[in-house]
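Chain nomenclature is as follows: A, B, C and D, assigned in order of appearance, with residue numbering initiated at 1 for each chain independently.
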Amino acid sequence: MEPLRAILGEARSVSTPVLEAVGLHKRFGAVIACHDVSVAFDAGELVGVVGPNGAGKTTFVNVVTGYVAPDSGYIKYRGREHSGLTPRTAVTLGIARSFQHPQLYESLTVLENALIALAVKERRHASWRPLKQARALQGASALLERFELGEAADVEVGQLPEGRRKVLDIAMSFALRPSVLLLDEPTSGVSAAEKFALMDTVTGALAEAQMTVLFIEHDMEVVERYARRVLAFVEGRIIADGRSADVLGDARVRELVLGVAEGA
Amino acid sequence: MERQCFMTFRRVIMAALAATAMASATLVPSSPAAAQTQPQELKIGIVTFLSGAAASPFGIPARNGAEILLESINKGSLPAPYEKKGFGGVKVVPVFMDEASGPDPISAYRRLASSVDFVIGYISSEHCLSVAPAAEEEQKLTVLFDCGTPRIFEDNSYRYVFRTTATAAVDNIAAARYVYSRYPNLKTVSGINQNYAWGQDSWKDFSSAIKSLDSKVKIDAAQFPAIFAGSYSSQISTLLAADPDVIHSSFWGGDAEGLLIQGAPLGLFSRSHVVLTAGEPILHRQGIASLMPSGVVLGARGPHGPLAPENKLDAWFSKAYADRYNTEPAYPSYHMAQAVLGLKAAYEKAQAASHSEHPTTAQVIAAFTHLSFETPSGTITMALGKGHQAVEPAAYGVTKVENGKVTLTDVKRYPVECVNPPEGIKAEDWIARHFPGAKNCPK
Amino acid sequence: MKIDPGNLRRLLGVVLLVAVLALLGLWLAGWTRFLLTVALGESLAVIGVALLMRAGLVSFGQGLFSAVGAYAVAYGMRLWGIHEALLLLAVAVAASTLLAVAIGPLICRYRQIFFAMISLAFSMVLYSILLKFNTATGGSDGMEVTAATVLGYHAAAKALAGVYYYLTLACFGVALFATAAYYASPAGYLARAVRDNEIRLEYLGASVSRETFRAYIFAAALTGLSGGLFALAVGHVSPTLAYWTKSGEFLFAALLGGTSSPIAPVVGTVVFESLNSYLSAYLPNVWQMALGAIMLAIILLMPRGLWSLYERFSARHAA
Amino acid sequence: MTAILVDGVVYASWIFLVSVGLTLVFGVLRILNIAHGSLYAVGAYTGAWLVVRYFQPGMPLALSFALLLAGALIAGLVLGPLIERLLLRFTYGRDEVMQLLVTYALFLILGDLTKLIWGVNPYYAYAPYSMLGNVSIGNVPYPRYDLVLIGLAATVGIGLWLMTNRTRFGRLMTAVIGDREISTALGINVPLVCTVAFTIGTVLAALGGAFTAPTISVVPGIDVTVIVLSFAVVVIGGLGSLEGAALGSLIVGIARAIAVHRFPDLDLVTIYVVMVIVLIFRPQGLFGRAEVKRL
């Protein structure tokens, strides 16, 4: 199953890709979750990632961000090779992610979550000055406003509805101002009515910051509407990569991805 | 923002007030002891272990001893020279406290000291060492009754602190002398002692005393199981394999009994000569005394219990105790008796000297210093530590089982001057220097 | 440097509390003041335990550091002839901090019950060493700590307890403010973040191990200070400090008070030690049972600690 | 050398008996029970009390063993369900520290309770120990009772293994250990499994106590030592692991025997040093499983 080079169609820019995966391979026991994946992303791209459950989408994100070490292959960031990544080094490079199940500080308020993300970004870990000082509070409020979380600032995260949690999860990664942001199923667990509002908020904020964004998504309407480029994963391989209309129109993708995805 | 600031500030103040309120609610100050006003009665704080592993062998027998003595003293039913009711006519009231009381021994001591006139107590050497300086600060006459460490008056001198028993060094010096004269062909000595100060010091004193008496005796590596370890089978088999002539042990309480239970069937007590320096209480344990074989050298940390000299006081004490508690008094009861009677003697001497029914603490201290007084264990003299530390004779005997009854035979008595170091010499040095000045030792 | 308004507020709060306690010291009877001295000193160790709990680390061996602090004071006096209390306390803090720096990288890899167990193991190793090398440590009988001068002032025996009360209070104030400032600082929040979600923390680009290590060292320093204060006040140090039951008491007091505010563990300690003291005085034969039962009731009815009572109260009034 | 091995195995058997209940309880309930030592003490008291009360010289030896066993069963079957239902039940799903301290409070309470019931004077039940006599191994006599302990430990170990792997209850227990929520969803009566598992753990603790009773003087204070000892063994082996407890006991037993024979001074510190070393190289203990969070 060679990737459909044919429909790569559109000429790629000649400048160095911001992020490139080269021959990433990862196996868990009998399952090959990531099968020789090579793919590149340019600055400012908005890429949708589709595929049935267990196709290796999340594993791809995990490997790229260093949560899982690949068996072979490596990452190139702005043309430089990196192996032995950890989430922390990935973030320091400029590769951040969000999570399918939001990873938040449940016992803290929304504002405090945002403040922590900003404090880490600004490397104020060891400062003895309070976390909540005027300037930091302004920054955090601005961040929350941008993601329309302003009114929820003082709510303890544990009490927050799922949709808001997803947004906060993304906002915290966004606060790091990464060059590449990988969103793992930003709309899963969010009601159908809220999905587009959520994606509008998120993509609006991201577009302003000119980040390269990959988002894993099961809802094809969402993919169609927001992604300009789509990757289709099946059994650990990328079976299609191209303009969203082309990929979503491809017969094999329709059979292997959409058939399963719609049934799921 | 401003408002929030104010709110937080108010919260901080309220928090501070709430914390203080809680603190003061739990720490209601009590009025200071009315010690110096004319007392209708004397309150005596009695501190022994009422919980934990030391309660059964030491703490409870000591408390019982105090209870029966103080009651009898108030009734005036003691034999001479203690026939006066109370302390020279003043009624005495005990206030019992668990030596394991929290939060720490010193806080507990200070609380007790604030509400009583005198304190008698402390079995643990650690507690004695830490309470002594606190007694000086509280200026409370405190009689240490059982702990054994020589460090108290060897390293320091105290005005308010007295100890009416000899140090553990005396027990071990006497044990070495007894063993040495009883087994003249002694070649190897080993030991099994608990791995804490009591066991470590006992072994050090015993082994160096043996070495000092006869430098040719070989001292084997001794066993040091953790205190309350429960199972000693590894140590016993090691000792059996090494097969020394003499095995020394300062085990007490459950550990001593466990050693007997586990060691006796294996022949530990018949293969080697075993010395139990604190073994006497076992004889009063009906369930276990029958395990005790013949030929075990037993001590009672002084001339107590079956090793007590014959006198009226002992006859009265052991009978009164046995009548009330259905068991013979063990040495901790005797140690308690020494403390109570010493204090009574000092108080009455101070009354006579000051021509007052209520002498001051200073006057009692003056009377107590260098005092000699009668006890069920004979005459005790406060000869060391500038008159604050008692010297005691020592006694050892060897068990003999006859018709299922264990008695002590071949009892040897070691007069004070044979086993106690003179004033100004540390026990350790006295042993190392071959007991200079020791005399009247029995052959 | 301009002091932050938030920290100024905290400082004022601490000063107020210390001032009230200072006045209380004039009014309390000798032994209650001593009990409070011990409790305030000990509360610093309990704050240390609570601080670790906020970072998700349950220390069942914090006695390690109070023993190190206490023995540092004893050795500082005996070996180096230091007799100035503040210097001795500095030695105590330095010694415990150094130890934490040495073993922290190893210990901070552990979480939950494993952290509890490895910290317990370390403190029991120290306990056994103190017991074993009795010629150097005094064994189980411990070592004496004689009266020290405070800022060069040599107090008379009768006044010493009072002087130590105010010394403890001063150290307590400084430590409490430092803790309050730490709780409010990014590092304080990051420690809570570790407890809530380590993965997110790493994905923010912060190091979980560095944050836990920081908390561990701070807790060790506080506990070392606590041990040093205990050594001075009680005048005696012994290996009991490193025994696991002591660390268990610290945990108990921390949970009793709560962990949400720096003052909460202090309340927990004062209540715990007072209960301990009064119960053992009035029920000498069953005081441990009574203590256990009361503790149980409090833990089950107020899982967030006594301090949650106050929080509920103030929340109702703010609303 | 033989001596070290024999002593090591004897000690390992004893310590396994004493600590295996702790690891079982942790496995199912996820609670590290500090009161485990108290349950051991209660077992020792009940067993010793029955032997003292009903066993007269001249009676068959088997009766004394039956009495010890009965003591363990009575103590465990009474206390186990009582503690689990009335106390631990309220702590499930709560903070680990809280659970730890609830059992710590229980430890304080049970300590005084034993004292109230049995007093402070010791109980002696050495009849089974001394009646069995000795056996010589390489010129050194060993009590036969130690062989009984080895046999009992092996029986308990194998029995538990069979129960876990070969019975329906064992499978239910394994399911609950694996995932409590899924088990509930599958219709397993999780509270009942917890009660039964805790009761088995209590019986085992009491069994350890009851069969130790003949070798010691049963007095207040025997609970404290056992707690840290079993903690160490169970942590070394891996919390919740039966095989771990067995191997942990063996390691501690042999290490201690080596210390006693070669470096008697270091007996005290051995167990903690072993614990630190094992934890450094195997943070979850020898048989513990590391948990990896899925994203």
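The definition used in the following text is that a residue touches a chain if its C-beta (ideal position, glycine included) is under 8 Å from a C-beta of that chain, and two chains touch if they have at least 3 such contacts.
Model, not experiment: these values are computed from the prediction.
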Quiz prompt | Least hop count linking chain C to chain D through chains in contact | solution = 1
Quiz prompt | Chains touching both chain A and chain D | solution = C
Exercise. Determine which two chains are connected by the greatest number of contacting C-beta pairs.
Key: B-C
Quiz prompt | Maximum centroid distance from chain A, chain identifier (CA atoms) | solution = B
Quiz item: Taking every chain's C-alpha mean, which one sits closest to the mean of all protein C-alpha atoms?
Solution: C
Practice problem: Take the average of all CA coordinates in chain B, do the same for chain C, and state the distance between these two points in whole angstrom. | Solution: 34
Self-check item: Chain centre separation (chain A, chain B; CA means) in Å
Solution: 74
Quiz item: CA centre of chain B versus CA centre of chain D: separation in Å?
Solution: 35
Quiz item: Using CA atom averages as chain centres, what separation in Å is found between chain A and chain C?
Solution: 44
Practice problem: Provide the list of chain B residues touching at least two other chains, using ranges where the numbers run on. | Solution: 51, 195
Self-check item: Junction residues of chain C, two or more chains touched
Solution: 6, 131-132, 199, 285, 287-288, 291
Quiz item: Multi-chain contacts in chain A: which residues touch at least two other chains?
Solution: 67, 103
Self-check item: Of all residues in chain C, those that touch chain A in their complex
Solution: 4, 6-7, 181-182, 184-190, 192-193, 195-197, 199-207, 210-211, 214
Exercise. State the interface residues of chain B toward chain C in the complex, per the touch definition above.
Key: 5, 7-9, 11-20, 22-24, 26-32, 50-51, 96-98, 100-104, 106-108, 110-114, 125-126, 129-130, 133-134, 136-139, 149, 151, 155-156, 195-198, 200-201
Exercise. Name, in rising order, each residue of chain A that touches chain C in their complex.
Key: 65, 67, 86-88, 91-92, 96-97, 103-108, 112, 115-117, 119-121, 124-133, 172-173, 176
Practice problem: Could you pull out which chain C residues touch chain D in their complex? | Solution: 53, 58, 60, 106, 109-110, 112-114, 116-118, 120-122, 124-125, 128-129, 131-132, 199, 244-245, 248, 251-252, 255, 285-289, 291-293, 295-296, 299-300, 303
Quiz item: Can you list the residues on chain C that touch chain B in the complex?
Solution: 5-6, 9-10, 12-13, 16-17, 20-21, 24, 27-32, 34-36, 38-39, 42, 131-132, 134, 138-142, 144, 146, 157-158, 160-161, 230, 233-236, 238, 240, 261, 263, 266-267, 270-278, 280-281, 284-285, 287-288, 291, 306, 310, 314, 318
